[in-house]
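Both of the next two complexes hold chain A, though its partner changes from chain B to chain C.
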Partner chain A sequence: MKFLKYIIILLFVFKFNVSMASDNDLQLKITKNLRCLICQGQSVYDSDSEFANSLKLLIEMKLNEGLTEKQIYEFLKNKYGEWILYDPEFNKNTYFLWLLPILMFLIGGAIMFKIFIIKKN
Partner chain B sequence: MKTKIFYSSLIAFFCILFFIFYKGLQNTNIYTPNLETHDKDIPNFNAKIFSQKDKVVSSNEIFNNDKFYLLNIWASWCMPCRDEHPFLINLSNQNNLEIVGLNYKDNNKNAKFFLEKLTNPYKTIISDKEGLIAIEWGAYGVPESFLINKKKIIKRFIGPLNKDSLFEIKSIIK
Partner chain C sequence: MASLIGFYSLIFGLCLSLIIVFFSIKNFRNSSIFDKKIISLTFFQFFFVSLSFFGLIFSFINSDFSNETVFNHSHTTKPLFYKISGTWGNHEGSLLLWLLVLTLFIFLFLLKTKKQTKQYRNLTLLIQQIIIIGFFIFLIKTSSPFNYIFPVPMEGLGLNPILQDPALAIHPPILYLGYVGSSIIFSSTLAATSLNYISKEWAKHIKKWVLVSWIFLTLGILLGSIWAYYELGWGGFWFWDPVENVSLMPWLALTTLFHCILILEKRLILTSWVIILSISTFTLSMCGTFLVRSGILNSVHTFANDPERGLFILIFLFGLIFLSIFIFLFFHKSDEKNYNFFWLSKETSILINNWFMMYFLTVILIGTLYPIFLEVISSEKISVGPPFYNKLIIPFLIPFLFVMAIGPKLKWINSDLENKFFLVLFLIISILISYFIIKNFNGDFLINTILLSSAFYLFFSTSKDFLVRGFKNLSQNLAHFGFSLLILSILLNNIFSTEIITNLKIGETFQSEKIKINFESIKSKNIKNYDVIIGKFNIKNLNNNIEVLKPELRIYNQPNIVTSEADIKTNLFTDKFMTMNLVQNQDYFNIRYQNKPFMIWIWLSVLLISFGGIISLFNKRNEN
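And then the complex of A and B:
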């Protein structure tokens, strides 16, 4: 019986730790994907500026309020513009950025196909 | 003939690509805040009144009239705030403008001393110990000021107010 009690306690502790860890991981992930606007080339995660510290606190609060990662990005994008996000969204301004690697891959593939396959035949 | 077309279009493609990247290199990589407010609504928030324990006000209570408000983000540790202070004192004499101070990440004692020494231009002062209200306004430093009318931000001033911004504010509110 005592053994069962210990197992139940351990299970609770373990479960709690896992949920805490996942919240913390998400918070770190979000702060790593945000640009510190007053620092040169640093993410909010890396920076220790007043602005970055306030943002870290805000993200923690928003996560506790139950907001999702996307909702937090949307909130900050609304306040500071898309510049705050390291990962640019797929929209008319970034079509070229996102599609260029695929285009280059296709052109490169076509050249290789032309040189190696067609010439061989 | 086909090969010629293929290679010339390839060269043209890379030339266009080079041109786009070359133009892109000239863009600044430093954050430049958008000064165009497009009459954005003021954010909703609750804040503690400065130097009054536990008295909380909402943004609707502060900006409840149709007159002009100037929200000024300041701190006693911010040197440019001292430079803009005479302009705020000047603006505090305007009848149709109410200046609201947002005391940013400051020590109460130092902030009180700052106002005693330089005189207080603010009608209301709210406290933002953690910098969260400043984020609601989309601000990222001190000093920063927002001109508000009918619960909409009509003009944003980044950095200390100066002669030009003073003239601009006066011409908007008259």
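And then the complex of A and C:
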């Protein structure tokens, strides 16, 4: 238990700069989830292009207007299309995208179960 | 001149392929011992491809702009080091490197397998030659690095400045050694399957080749990641960019394969699964080349958009897949006889490892390919980015980490949990620590607590193995310990990273409760192929410690591109990371300051993981 104590003390000693969830953080989070449409594989957050900068301002404005994160995504989706969202929505286009990996996981499990558990008995 | 030699060496190399195939078939049929001549021939083939490669390097060093590849990717003012690395910083050159590694590996393979049978060696060589011939034709026909331009231009177009970097200069060769190294696993597995040669001894021999590829692939990915961290300028190290995914997929397949071969080596079961994994590893490497080279992917790495090239690789890829399916279905005899192990055993834990690894692979594969298919079918464009991968991978990571903590302690066939006391104790400690950390520093997220608990659990459990069992099974302990450290550092880094983004003029100061950033001055300098603006920032934290950071802006002249170079101060606990950027038409600079804890541990832990692999490779003794 001494070990635990040391760890806790250690963690106190290296006080991490920790942010509180604020508007600023939310803005960063949103920009990380948006694709910079004129760049090659960068998010709006990563990019310093004009498009990205204007979008950052737009998001700040929308947040000040009191829109929620979801509403902002919705707004941008209507304006630029789904291509801009890094987090694909769950709809008829993406059923396979979201469910196929999990389905494969279950099938894999079932095959293992069949071969190693059932055959043995 | 060098280009000419390079080009004809390629033609010679291709002819040698045909000669090798001829002698190899003859040897396969008639003789009873392996023909030494074939080894010499493969050496000559390797020699000619090297000659061609050095021809290209030479053209780059000499800035011979009559060569189209050199003209497109080099410039006289570039430093020598980047002239050389420019050789593989483009489509044509990097494919020549592919070919070089292909021929190198088959030559080494023939040298190192004197104890194996003649038939097996010949057949491996034949299959490898099919791949080599494919790449020769691809290179010569669609992407020759030795095209001639006339009149000879005076100056080249230059190399993209973000590629002018030491880590990235050696990243492609290392990565390719891993990527293309998997070809030898592919060829020899198919050969072994056709000859019904798979045995415990075979598993032991192929394990070394799996390890070689795996070590290089690990190091290659690490280099790419480090480069992305300090060069792309936003302080991340993994972006789930399609091209990164494409390198991670063979890595996952190789890791799975390696664990699976351990079972094969001990118990001679799961041969079908080993064959499938060997085939998929190389297929994934090829698939990656196809995706990157065809320009289908929208990515920072894409440097060639040519449908003809994509089509060629695609056809070639399908050819190889059909060949392997054919061999697998017609020659492979299933071995479903002795699955006599109990549910609590090393076999089960490795199987569960395989199961989860395959799931992670599937997520990445589908996430990378699905948008392409959707666009073809319905012409709707969607993006699949980090949130998708986080959502699907993180929940599954938790049980994976727990199994990984317990699995290595188990014995083959039937096992008991020993030291239950420690298992429970570690669990309680991990949960307590994680709860404490999350509660005190970050408020929300139940999942963070659980995830962190599982990471800590693995960490304690592997640390104990490491301390108690130490040199007995050092390679495994080291690699697993490294992995636990990796997960832990990534998590803590994610949770505790902070950043400040602001616009400052020279002389201005940004102030918050915790930190004061003073923009003291800028200085400009003139260097051979770029001008540089260096900012000087004083950063004062709560304890009044002052740190000076000097991020740069570089204005390259050829091609004319502005890049920002981060300044990073690293210590054991945290990285301080700063970049600056121009704000258009104003005298403000956009400043990004980040505090990223445990960054260095991410790199160190990956080094530990690969070091574990290296030890295993050189360990002659049979490990338990």
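Going forward, the second predicted complex is superposed on the first by the 100 of 121 C-alpha atoms of A that agree within 3 Å, B and C clash if a C-alpha of one lies under 4 Å from a C-alpha of the other, contacts with A are read in each partner's own complex, and residues count from 1 in each chain.
Methods note: a contact is a pair of C-beta atoms (placed from the backbone, for glycine too) under 8 Å apart; a residue touches a chain by one contact, two chains touch by 3 or more.
As the structure is a computational prediction, the values presented were derived from the model and not from experiment.
In the superposition on chain A, contact of A:58 is made with chain B only, not with chain C. By the touch criterion stated above, A:107 is placed in contact with chain B alone, chain C being left untouched.
Within the superposed three-chain model, A:96 lies in touch with chain B and with chain C [touch as defined at top]. For chain A, the partner touching the most residues, choosing from chain B and chain C, is C.
Looking at the shared chain after the overlay, A:50 reaches both chain B and chain C.
In the overlay built on the shared chain, the residue A:38 is in contact with chain B alone; chain C does not reach it.
Contacts of A:87 after superposition on the shared chain: chain C is touched, whereas chain B is not.
Taken together, the two structures place residues 35, 40, 50, 81, 83, 96, 100 of chain A in contact with chain B in one case and with chain C in the other.
Taken in their complex, chain C has these residues touching chain A: 232-234, 236, 239, 241-242, 297-300, 302, 336, 339-340, 343, 348, 351, 355, 358-359, 362-363, 366-367, 370, 374, 378, 380-388, 391-392, 396, 429, 432-433, 436-437, 441-444, 496, 498-499, 501, 514-515, 564, 573-574, 581, 584, 590, 595, 597. The touching residues of chain A, counted against chain B in their complex, run 35, 37-38, 40, 50-51, 53-55, 57-58, 61, 79-81, 83, 96, 100, 107, 111, 114.
Against chain C, in their complex, chain A makes its touches with residues 3-4, 7-8, 11, 14, 16-19, 21, 28, 32-33, 35, 40-43, 45-46, 48, 50, 81-88, 93-94, 96-98, 100-102, 104-105, 108-109, 112, 115-117, 119-120.
Chain B contributes residues 6, 10, 13, 17, 20, 30-31, 33-34, 105, 130-132, 134-138, 140-141 to its touches with chain A in the complex.
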